[in-house]
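Multiple structures are listed underneath, in structure tokens.
The two complexes that follow have subunit A in common; it is paired with subunit B in the first and with subunit C in the second.
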Partner chain A sequence: MHTFAYERPATLAEAVALLDAHGPEARLLAGGTDLIIRLRDGSAQPAVVVDVKQIAEMSSTIREQDGIVTIGATTVVADIAASELVKRHFEALAEAAAVVGSVQIRNRATLAGNICNASPAADTAPPLLVYGAVIVAAGPRGTRRIPITEFFVRSGVTTLAPNELVIAIEIPVPARRMGAVHVRRTRRRGHDLASVTLCCSVDETGVTRLAYGSVGPRPVLYVDESGVLADPDGADEAKAPIFERMFGDASPSKRSMRASPEYRLAMLRVLGKRAVRTAIERLAAERAVEA
Partner chain B sequence: MSTRFIGTSPNRVGGFGRVTGLQEYVADIRVPDVLEAKLVTLDCARARIISIDTSAAEKVTGVRLVMTAADLPQPMPRFGPQLEDRPVLAVGETKYHGEPVAIVAAETKDAAEEAARLVRVEFDELPAVFTVAAALDPKAPLVQDPSLRPKDPLASTNVLREHHVGWGDVDAAHADCIVENTYSFPMVTHFAIEPHAFMAAPEGDGIAIWSSIQHPNWLQKIMAKLLKLPLAKVRIYAPDPGGGFGGKQHTKYEPVVAFAALKAGRPVRLILTLDETFQAVRRAACEIRVRTGFSADGKLAFQDIKADYLIGAYCDIADRVVGKGSYPAAGPYNVPAVRILARSILSHTTPSTAFRGFGNPQVNWAVESNIDEGARALGIDRLEIRLRNLAHKGDAFIPFDTPADGDWDQAVRRAAELIGWEKPLGPGRGRGIAVGIKSGPTTGLSYSTVRLLSDGSVIIFAGTSDMGQGVRTILAQIAAEELGTPLDAITVVMGDTAIVPYDQQTSASRSTVLMGNSVLMACRSIQSQLRAMAARLHGVAESDITVERGAIKLPDRELTILEVLKPGLGSLGGELTGNGESRKEAEPDHPLGGAPAFFEFNCTAVEAEVDQGTGDVTIVRHVTVSDVGKALNPLQVRTQDEGAAIQGLGHTLMEHYIFDESGRIRNLGAIDYRIPTSMDLPLELRSETIENGDGPGPYGSKGMSEGALLCVAAAVGAAVRDATGVPIRDLPLTPERVWRALQERAEPAAIGRNAR
Partner chain C sequence: MSGTGNTLPIEITVNGRRHALDVAVHHTLLDVLRDDLELTGTKECCLVGECGACTVMVNGRIVDSCLMLAVEADGAEIVTVEGLAKDGKLSPLQQAFLDKGAAQCGFCTPGQLMAAQALLAGNPHPSIDEVQEGLAGNLCRCGCYFQIADAVLSVAEGEHR
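Right, the complex of A and B next:
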């Protein structure tokens, strides 16, 4: 393995200083489920690895305050999948977290790492887009909040500056009743990388939010405020052009071994329709519970 | 038979160590001063090697040896179980992606890996063949140098050998319905969880070799010849493998590691990564054309089968796989006319080797699927057509061979009953049923020694390999049954050629039968010594004494073994020793070199649900019924049967090598080569046995560890066909492949049971 320096800063300031000093030569280590593999196979050769797990200001908790749920950057995916708070407010995020990697991976991998790795196939990205998450990043000039729609650029690249790191992810508790679901396409039922990963929500005012990944350079969000998609009795012919608008820009890789572009595009449509249907059903179930 | 140990499922001998991490696999064994080795390979399949510069690699701290073909004896030593065609290191030309051109040995694994990267090989990539069609093109480059097979008329082609089997007159046979189709079976790998591991150490005037090998004695022979040493100076340590499946039968990198150890004067070990394992072992891909003739009543009129197996760059045992695997291709049926042509086709790909099922699953997929097509064409039930043609016990279904040795229809009827063949199906669902047959071992030689110690405890020496199938337990159960010794007072010693007597091999589901009979014979020898002892001690005739399990029965009383053994051995103690020999001689005139000791017969029935939107196949219920003669250990039989079924689901639903245009395997490793996980199992998996005590093994047992894999693909394929109306003739049945087939179907098919 390529040799590198290992740093374990105790404060956020120290971590930011290290990033500032080393720039792209530094790599952050939280769960390590992406980084360690890349260190081993030589595809990442950083001069310094900065372990963020001991930073005092970093938290591995999930807490709710003033209508916002904050997930600390070192929270592992398994804890998100199991969190009652997440399951109550963000069912589709809990579903997505439950299928990231394998049990062993989920016990190490963090949500922040999953999105900073910016894999187009990251399963947590579509629900974060649907729920309108905000990324809290710390840098030399303090912290800033980045809407997740402005976070992903392409595989491995985000809008974070080289001297910034994510310290938390904030998700607003939905103000309206909502049904949401995460679905994906894999080659087998056991743990696998998604060839389509998709999340959809429908709220009681008829707004449909649909986000998907693994069919282009980055996960993307589409919103339908017309109420057509959310209409449980709506005609397929009316919904079709909206779906086409949502899926029209998908551009799956031709080189992938996991699925051909034609299959991915077809599955995007199959999963999209199924997800809308499930979201509508879940919304109806919500209403029934409260009625 | 009422017995204490046979037919029961005691805790597995060695099981505690295996599941707690206490068992030492080859990679766990540390010898002092061992060097870590890494192979140097090229990033393409076929290349002409122009030069190899090792100077940079040699400068890496900790590197002790960089060995290339030039450092080995000249001409390059070659080896192989069937043909001696594989060089210890590639010489002049590489023939497949991953073929080693050099080996580095260093004090640490990191140093070896770094140095391996620094070995500079100048090479020209050469045109190569990776498919049956490309290999058979008259203009195709030859994989093997024709001089390796002088006098062979096929030497100037990529066909290594043709195997012809047949009887009756196919061309003259009358058929009311003829179904002809072409099927393909993918290239898949064994994926044993224990990595393939090799270690060698100079030992006095000889060598010690550790290997995760199934056939230690065969390895010993090959190594002795390569190193020009007497067998007694080549000691093979073969710790229990962590999964073999045939991939660990034959010599692979032991020679290069041994030469490296001798050159370095120190022990050297090589532990393959999973990626490297893909480049070391695989199953032959196959393209099969089947033309089946039926009478109007569904009786088989003829089978005309042509199977092209893509065996890879070197022969290994692959040509035997082709010959033996295709030989019963017409299945367990009475077919009046059969013509089988199977070809071993060389290609610039990983050399294929033995893999559970040994060449049978490939042709079974085609032939059983084609029988379904015939049933549909004739409007005959798919279960019924099988029952109408199935061979009955004693039928010479292969005219010059072992007759049908089981009541196979019992297995078929039971599987049909368990799957609910006659019951109505839910929407999107379909059922399939298929049968599989495999020839057991055609030759065999298994020696064993059993020692009955003075306190009644027992040591068994048997050279078969316990790779997870549980043969240690079976042998201990046999000794326990015969000598009355509790299992926890029995030790089974295996895996050391300096201590354990010769065993030919652990393959073809033979150990229970062949080594089992050997141990049985050794125990019976001890029984006769006990009879003599009791006769001497009690003044009765030997012929009046019987030994049954733990009891020695005299005319007037019954004694325990210890009551005879202790006084019989006397004040100095000592022990009784029995030797066993189980021999199945070769028959030179038989097409396979010998008639099989038994057949493995299995019937698999599947109910599947197909998601018409995504192409997903869910196995709702999977039933496997194997004719095992007698289940000596029912739990082990069931787990072997289930394991075979699940492994079969791998090549049926998801596993396949993907190549690029340079013959590189694109999906090396676990990320993009998917095997079934616990999440992918059938929602219900049911394994049952037929036990008529009609096998040649101890207590009427037969070998059974491969049967449930043989016809998984055909049964699942038939269920998918039944659910969708669309036949798919290429494996694996990935969601995308099924989806494509659904897209391409000309018209909405009649989904249901009208012509099942």
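Right, the complex of A and C next:
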């Protein structure tokens, strides 16, 4: 591994100043499960590595206030999968967090790191899109909030400026009853990257939100407000054109060794229909509990 | 804290012993355990976080020590495979691995043991599915998965207590 200067700022202001001073020569270190691989293989050669784990504003906490759950940027994926707060309000996010990497990876990898790396295959991205997450970014001019639909550009690239960093992820607690699920396809059970990763929610007003990744340059969200997809008794012929609108733009890479484009597109449709069905069932179960 | 001289002082506790070390900032915890502390039970293998041979416990959680800088471990309590046996007596898991033939070439065994130790600490009576999920980050090229799961389950069921 090539050497670098290691900085462990104690305050957000120091971290922002380091990023501002070093620009693209600085890389942020949270869980390190992607960065350390890249430092070792030479595909990242920063002059400065900024470890953000001592910064109070980026603490590894999950808290709920005024209908918003805030996940600190250094919260590891294992803690999100195990959080009662997350499981209660965002079941599909907990499910996605539970399948990221292995136990060892989940104990280090952070939610913020998962989305900042902007891998098209990031399992936490589809649920964050479905739940309408907002990325809180800090920079020299203060903080700003970026809707997650405006965050991903392509693999490794986000709309963050070079001198900005993510300090938290905010997710609004759903105002309406909702059923949601995360599903994915991998080559094998256990520790693997997704060939298709997908999340779907159906709420009691009939709105279906469906997001997926690993089948194009970035994870994407589609919303169906017609109520057709959410109808438990709806005919397949009525749902088919809506599914096609949702899946029509998927463009899996031909170069990926994990799965062929044809296989991914086929599985995207299978998983999409399955997820809508499960989301409808979970919404019905929610209603039954409250009835 | 910053390390521009490219080494930094850290203090870590490994298997109950405190160590004050100057470590290169680009060295991993795995490098320091093996090369500085000569604890070579922890293995270096894939170096990308897929095989789990370098698994150690840091503050009660298993991690791939190839994906953690040594400076990130400053202040941490670390347990390696060398910390499992007590007073020359194998831990129940180590004994079970021997009894069930769960170690063939043995290279993945330290990582498997650490992952199994962590699994049982959080879930003393796992199902076979939970054992497989808990050890999914540890590959065995000899293909001893059946025997490894059997060994972990035998400890969970109290054969080795």
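Things worth noting here:
Here is the rule we use: the second predicted complex is superposed on the first by the 291 of 291 C-alpha atoms of A that agree within 3 Å, B and C clash if a C-alpha of one lies under 4 Å from a C-alpha of the other, contacts with A are read in each partner's own complex, and residues count from 1 in each chain.
We take it that a residue touches a chain if its C-beta (ideal position, glycine included) is under 8 Å from a C-beta of that chain, and two chains touch if they have at least 3 such contacts.
Keep in mind it's a predicted model, so treat the numbers as computed, not measured.
When both complexes are overlaid on chain A, the residue A:Met1 reaches subunit B and subunit C alike.
By the touch criterion defined above, A:Ala266 lies against subunit B but remains apart from subunit C after alignment on the C-alpha atoms of chain A.
Residue contacts after overlaying the shared chain place A:Ala175 against neither subunit B nor subunit C. Of the two partner chains, subunit B is the only one touched by A:Arg274; subunit C is not. With both complexes superposed, C is the one of subunit B and subunit C in contact with more subunit A residues.
Within the superposed three-chain model, A:Met257 lies in touch with subunit B and out of touch with subunit C [touch as defined at top].
Judged by the touch definition given at the top, the superposed model places A:Ala235 against neither subunit B nor subunit C.
Once the two complexes are laid over each other on the shared chain, residue contacts for A:Val289 go to neither subunit B nor subunit C. Judged by the touch definition given at the top, the superposed model places A:His191 against both subunit B and subunit C. Within subunit A, the residues touching subunit B in one complex and subunit C in the other are 1, 189-191.
Residues 1-8, 10, 29, 32-33, 36-37, 39-40, 49, 51, 53-54, 78, 101-105, 107-108, 189-191 of subunit A touch subunit C in their complex. On subunit A, the positions that touch subunit B within their shared complex are 1, 185, 187-193, 257-260, 263, 266-267, 270, 274. Considering their complex, residues 110, 613-614, 653-654, 658, 666-667, 671-672, 674, 676-680, 734-736, 739-740 of subunit B touch subunit A.
On the subunit C side of its complex with subunit A, the touching residues are 1-4, 6, 8, 24-28, 47-50, 52, 55, 61-64, 66-69, 71-72, 115, 118-119, 132-134, 136-138.
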